[in-house]
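Two complexes, one shared chain (chain A), two partners (chain B, chain C).
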Partner chain A sequence: METTLYLARRLLQALAVILIVTVVVFCLLHALPGGPARGILGPQATAQQIAAFNHEQGLDRPLPVQYVYYLRTLLHGDLGTSYTLNDAVSRLIEQRLPKTLVLTVLSALAGLAPAIPLGMWQAVRRNKPADHVVTALGFVAYSTPVYFLGLLLILVFTQTLRWFPSQAPQGDTLSQVFADPVALVLPVLTGAASMVAVFSRYMRAATLENLAEDYVRTARAGGSRPAAILWKHVFRNSLTPVIAMLGYYVPVLFGGALVVEQLFNYPGMGLLFWSAAQSSDYPVLLGCVLVISVATVIGTLLADVVQRIVDPRVKAERT
Partner chain B sequence: MTVLSIENLAVTFSTDTGDVPAVRDVSLRVRPGETLALVGESGSGKSTVALAATGLLAQNARVSGRISVDGTEVVGADESALARLRGRTVSMVFQEPATALDPLSRVGAQIAEVVRNHRRVSRAEAARAAVELLRRVGVAEPERRASAFPFQLSGGQRQRVVIAMAIANSPGLLIADEPTTALDVTVQAEILDLLRASAADSGTGVLLVTHNMGVVADFADRVAVMLEGEVVETGPVEEVLLRPGHEYTRHLLAAVPRLTVAEPERAKYAEKPERAGSAKEPAGSAPVVELRDVSVRFGRGHRTVKALTDVSLTVRAGETVGLVGESASGKSTAARVALGLVRPDSGSVTLFGSDLARTRGRPRRSLLSGVGVVLQDPVASLDARMSVAECVAEPLRVHQRGMSAPQRRARVAEALELVRLSDGLAKRGPRELSGGQRQRVSLARALVLQPRLLVADEPTSALDVSVQRTVLEVIAELQGELGFACLFVSHDLAVVQEFAQRVVVLRAGAVEEEGPTMTTLLRPETEYTRRLIAAVPVPDPVLQRRRRSALAAEATT
Partner chain C sequence: MTAVLRASSALEPVAGYRLPLRRFAHNRPAVAGLAVVVLFLLFCFVGPLIHPTDQTHTDLTQVNLAPGGARLLGTDAVGHDEFGRLMYGGKVSLLVGLASGVLATVVGTVWGAVAGYAGGWLDAVMMRIVDAGIAIPALFILLVVSAITTPDTLGLIVVLGLVSWLVPSRLVRAETLTLKSRDYVLTLRAIGGTHGRAIGRHILPNSVSTIVVAATFQVADAILLVAYVSYLGLGVQPPSTDWGGMLSAGLTAAYSGRWWLIVPPGLAIILVVCAFNAIGDGLRDAFDVRGRG
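Then we have the complex of A and B:
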């Protein structure tokens, strides 16, 4: 019951945030040269056509009225029409989003899986040579531009070792993507590299903080061995702040996809966004912004829910 | 036969700024069934000795000498040998029950973990043992409580859980490092009883680390007094507390505020020179601050917490009113209402004759400039980025903007002189000062605007007794000179008894009783106040033993 109430309230909050996002996107849409009419009619439309369209669609009405109109079309799944691809933005996103989700989710998992034990391992060996080496490598991985890292991986694994192809799986459906898992390796690795660097850092800091907590001393005083303390107590306590960070990391993941998709010629949201940016295809750009914002809101919502499951204190505080 | 034998122990911490010796040449013994109290002020090294005995010192500690626990050498032992020892032969109870338990593990599981560390039993058996231990340490409904998380328990209950962990494997030696310092007096009395009973049951030796002489008198058989890393005096508790041999022990005991608990001693109190403030002002003078039927609620909806319910209290010019009560009784909230920091939901606050709720803007600011405040934490209540002089000058900058820089400097120098701080400290940062000096800076800051009311919220509870003595003396002396009224919030009845002319006892946000300090604390009218006073241990082992058996007798009838 408590949990249902909490979820209901949290969902309402998420909806409110998304509504605010639509306001921002709406304002951006109206700041476009030619306004939304050009967004829908395309760049070839004449001034008369635009005026006629505006009148027909009520776009000469006051802005708040128009916002309601915009929201209505949005609820019908209508995000406008691409200037260049001659297709509905919603259809384009529908095609591309699943592929990007596959890429980002796999990258996140591939990044977190080594990052968390690595961070804990570093914390235990704080200020010893191993810690310094990993820290240095982490900074290198983090500060290497994704683009450069991708090229480097292609050079090593495609050109020299010939283990993996330099192109991501082509094809429009997910089954086509999964049919060629080897081709996914390099794009996922490229996306995961900075995740490893960032999250091993978070995990190291969180673990260090927890190792200094009084409860660790209590457990030691009770005769628990260091390894048991680390996994039974410190691990879970350190994980909660990292989970919270993960929610906020969604837009960064999408940003990474932008470069990775371009580099490995993987036609997902990132590539869509990239080409739209190059051809000033505003309806597509704003559609992507909306989708990424919604994904971020959902990401933080999920992070909150997971945190609530892991940490009983959160439940007690918020309900 | 000894369970703990420490010989020529020395501990040095190596830090970035060089080596810091913490303990020098300490030798101690604890026999089975005996309680040795290790007392001293902060920085004396008493906790370091306790941690060294379990091998729990920080990694930068260098230890020399010998520590033998039940025949096993601790100094130089490796971690796995120490793990076999800890929780079975020697175990520990810590000061902060709030942080001593893993917040994400159920308390039953944490106790069971200690059981399973040393006994080959199944999970189910360990869980049953945990419930049994919770019952033994007096936790009600142990089956249900075992599956609670630490945040769902009160401070006293959490400390019981920590004790359950400590006695899980019936250790020969129990080390308790300030086990009751973070607890209310009534809870402290229960926890001390529990520790005493647990130790007596199994003939466990206890090393009790504390700064509280009342706790020592209540609990210890022998006492070792530490000063700057060395033991300066050891002996039976009656010897050390009643006929101290070393000058430092005498000095320490003289600084302890004593709660006068019995009528015969009253004569002794009456001989003390009457506190300056009370004599000056007639009792009928106008109230400086008056709270009338003040209620404060925090939070909304069904989570509302009633912090204060119909609280009325008055502080008259020149007098000191002590506001006492246990934690969460609302004493700090009441002080904040008087300061205008918390707006009451109902009732009125009259400050210097003006209704605080109806005064806004500039008049309100000038009204509030007549109130000085000193808070508990001397570290957190001063801005670390300001020099002492800037800290003290800040109220002048806010409330007396027309003042010229030289005038301001003169006033700051004056205020620092009042609190007996030398001019040389003015340019230093608060971090470079000791706790007592910082608290005097707070006091100078509070007094620089020449307030008519000083609100002091636990001003000395973070300080050592000897420092507390100095700070209280300074406040009392200045009150005599400057004649301000004082609302003095404290959990320490002994301090309030020495310091306040009138006392208001709060309980769960309501006034339980009030009256002249001596009358109220010697002949309390309510059962609650009586229990509160009875729970305070006095630093006289003979008297304390008598009070405790009287209390026990009362409890059985």
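Then we have the complex of A and C:
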């Protein structure tokens, strides 16, 4: 019962947050020179055309009325039309988003795979030199701008060793992306580096917390081997909350993809966004912002709910 | 980027009780971080007085020189001395990072204190706005802003400050929630003290450790964010530059083997950001406050 109430409240909150995001995007749209009319008619439209369009679309009506109108078009999946690419924004995002998801999911996996054992190992050897060394390396990885790391990887692995190409797989379909797995290596590694730093830190903290629990002491007193306790109990109890942290990590993943796609020329949503910023293609920019925000809200919601279910002692941090 | 790394390292109990300052002084990474920050401040702000270089005019007779001799780090494609440019760009990076980090902390502190103190629906609304702000990644907002206008240095500080006040606001709100039910605040209210007095005289001074720690991490993040922003094209405009701008300017040069144009500014960013993070960690452990996140 309590959980149901909690779920209902969190869902309502998430909806409220998404509504606020749409207000922000709506305001940005109206802060643009020319307003939304420019967004649809394009930068060459004359003042008369804009005035006629505004009247026709009800854009000369009060802002709150327009906001409701805007929300209605959003609910129909209409994000406007790109200035430069001559296509519906929703269609562009539909094409590009899967490729960004491939990149981010692979990066997340490539980051988590070493981070989980590394964090446990650090926890077991806490405050020994090895722990300090890994922590320090994590600090460096976290403090390195993603594009600088990518650049260094290109210099070493493309320019010097010639192992991997400096350009990510091209092409519009996912099968074209997977047809060239070697070209995915550097972009995925670049995206994964800070994940290793962050998630090994989480895993270290979660493992330490679990090692201090009563059940560990009881198992130890009962004669279980430390390795068995670690892998059978501590590992499982630490893993779920750490995986759930991925939900909070959605905006960072998208931010990373933005940089990685730009650096490796990978035609996903990040590159779409970046080129839209270069050409002031506002409908594309704001459409992407909306999609990413909704993804972030959903990620946060999932993470909150999973953590709550895994560990009912965790009280909701927000009101 | 967000500050997810500093989840919690303060799990180890601190034996006995010592003054925060002494605890900080015994934290070797934190002291090293402080030294690095001081050295970089001297390097960037005093360095140009000792090693003056021309960073405004191009000198086409001195382009693309390799490091060595009088050109400690070589020159770039328009003849700027790279060692001098590291100081020159660092000034902007450090100034913008520090100023926007502090601005973000101030805005976040006021917002969080008011929300936490007010409670009820006002708190709920204010915190949903924070959630919405966090849902829109800063990098994306900054690129939208860059498509609309090109800010100068002051504008850059304001924009960066206004996209990154959200995390401190959550921390200060949490702190305010625990403080506002303390006896001395309740007493003040009972004898007729104003809300403003309760916040200004009791809640904020008692949250000072949380705020200082948040500010330190905020500066670390801001310096990193400035670097991203310059790399993606919204940074300060030439002939002025910052470390991120130097990195993107050296991009093509690096591909043709002139590593000295990107490695020094890259390392400078990493060192300074690490240093501020180490200081933040040290302060957090010294003050024994909860991490952020």
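Criterion: the second predicted complex is superposed on the first by the 278 of 319 C-alpha atoms of A that agree within 3 Å, B and C clash if a C-alpha of one lies under 4 Å from a C-alpha of the other, contacts with A are read in each partner's own complex, and residues count from 1 in each chain.
The definition used in the following text is that contacts are C-beta pairs under 8 Å (C-beta built on N, C-alpha and C of every residue); 3 or more make two chains touch, one makes a residue touch a chain.
What you are looking at is a predicted structure, and each value in this text was computed from that prediction instead of being measured.
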Chain B versus chain C as contact partner of A:288, first or second or both or neither: second
Dominant contact partner of chain A by residue count, chain C or chain B: C
First, second, both or neither for A:198, with chain B first and chain C second: second
Touching partner for A:236 - first (chain B), second (chain C), both, neither: first
Which of chain B and chain C A:224 touches, first, second, both or neither: first
Which of chain B and chain C A:213 touches, first, second, both or neither: first
Partner chain in contact with A:310 - chain B first, chain C second, else both or neither: first
Which of chain B and chain C A:17 touches, first, second, both or neither: second
Touching both chain C and chain B, counted on chain A across the two superposed complexes: none
Touching residues (chain side chain A, partner chain B) in the complex: 213-215, 217-226, 228, 232-233, 236-237, 240, 310-313, 316
Contact footprint of chain A on chain C as seen in their complex: 1-2, 4-5, 7-9, 11-12, 29, 123-124, 127-129, 131-132, 134-141, 143-144, 146-148, 174, 220, 224, 227-228, 231-233, 244, 247, 251, 254-255, 257, 259, 262, 266, 269-270, 273-274, 277-278
Of chain B, residues touching chain A in the complex: 54, 56, 79-80, 83-88, 91-92, 94, 96, 99-105, 110, 113-114, 117-118, 149, 151-152, 162, 165-166, 168
Residues of chain A defined as touching chain C within the complex: 13, 16-18, 20-21, 24, 28, 31-32, 126-127, 135-136, 138-140, 142-148, 151-152, 154-155, 159, 194, 197-198, 201-202, 205, 208-209, 245, 248-249, 251-252, 254-256, 258-259, 262, 273-274, 276-278, 280-282, 285-286, 288-289, 292-294, 296-297, 300, 317-319
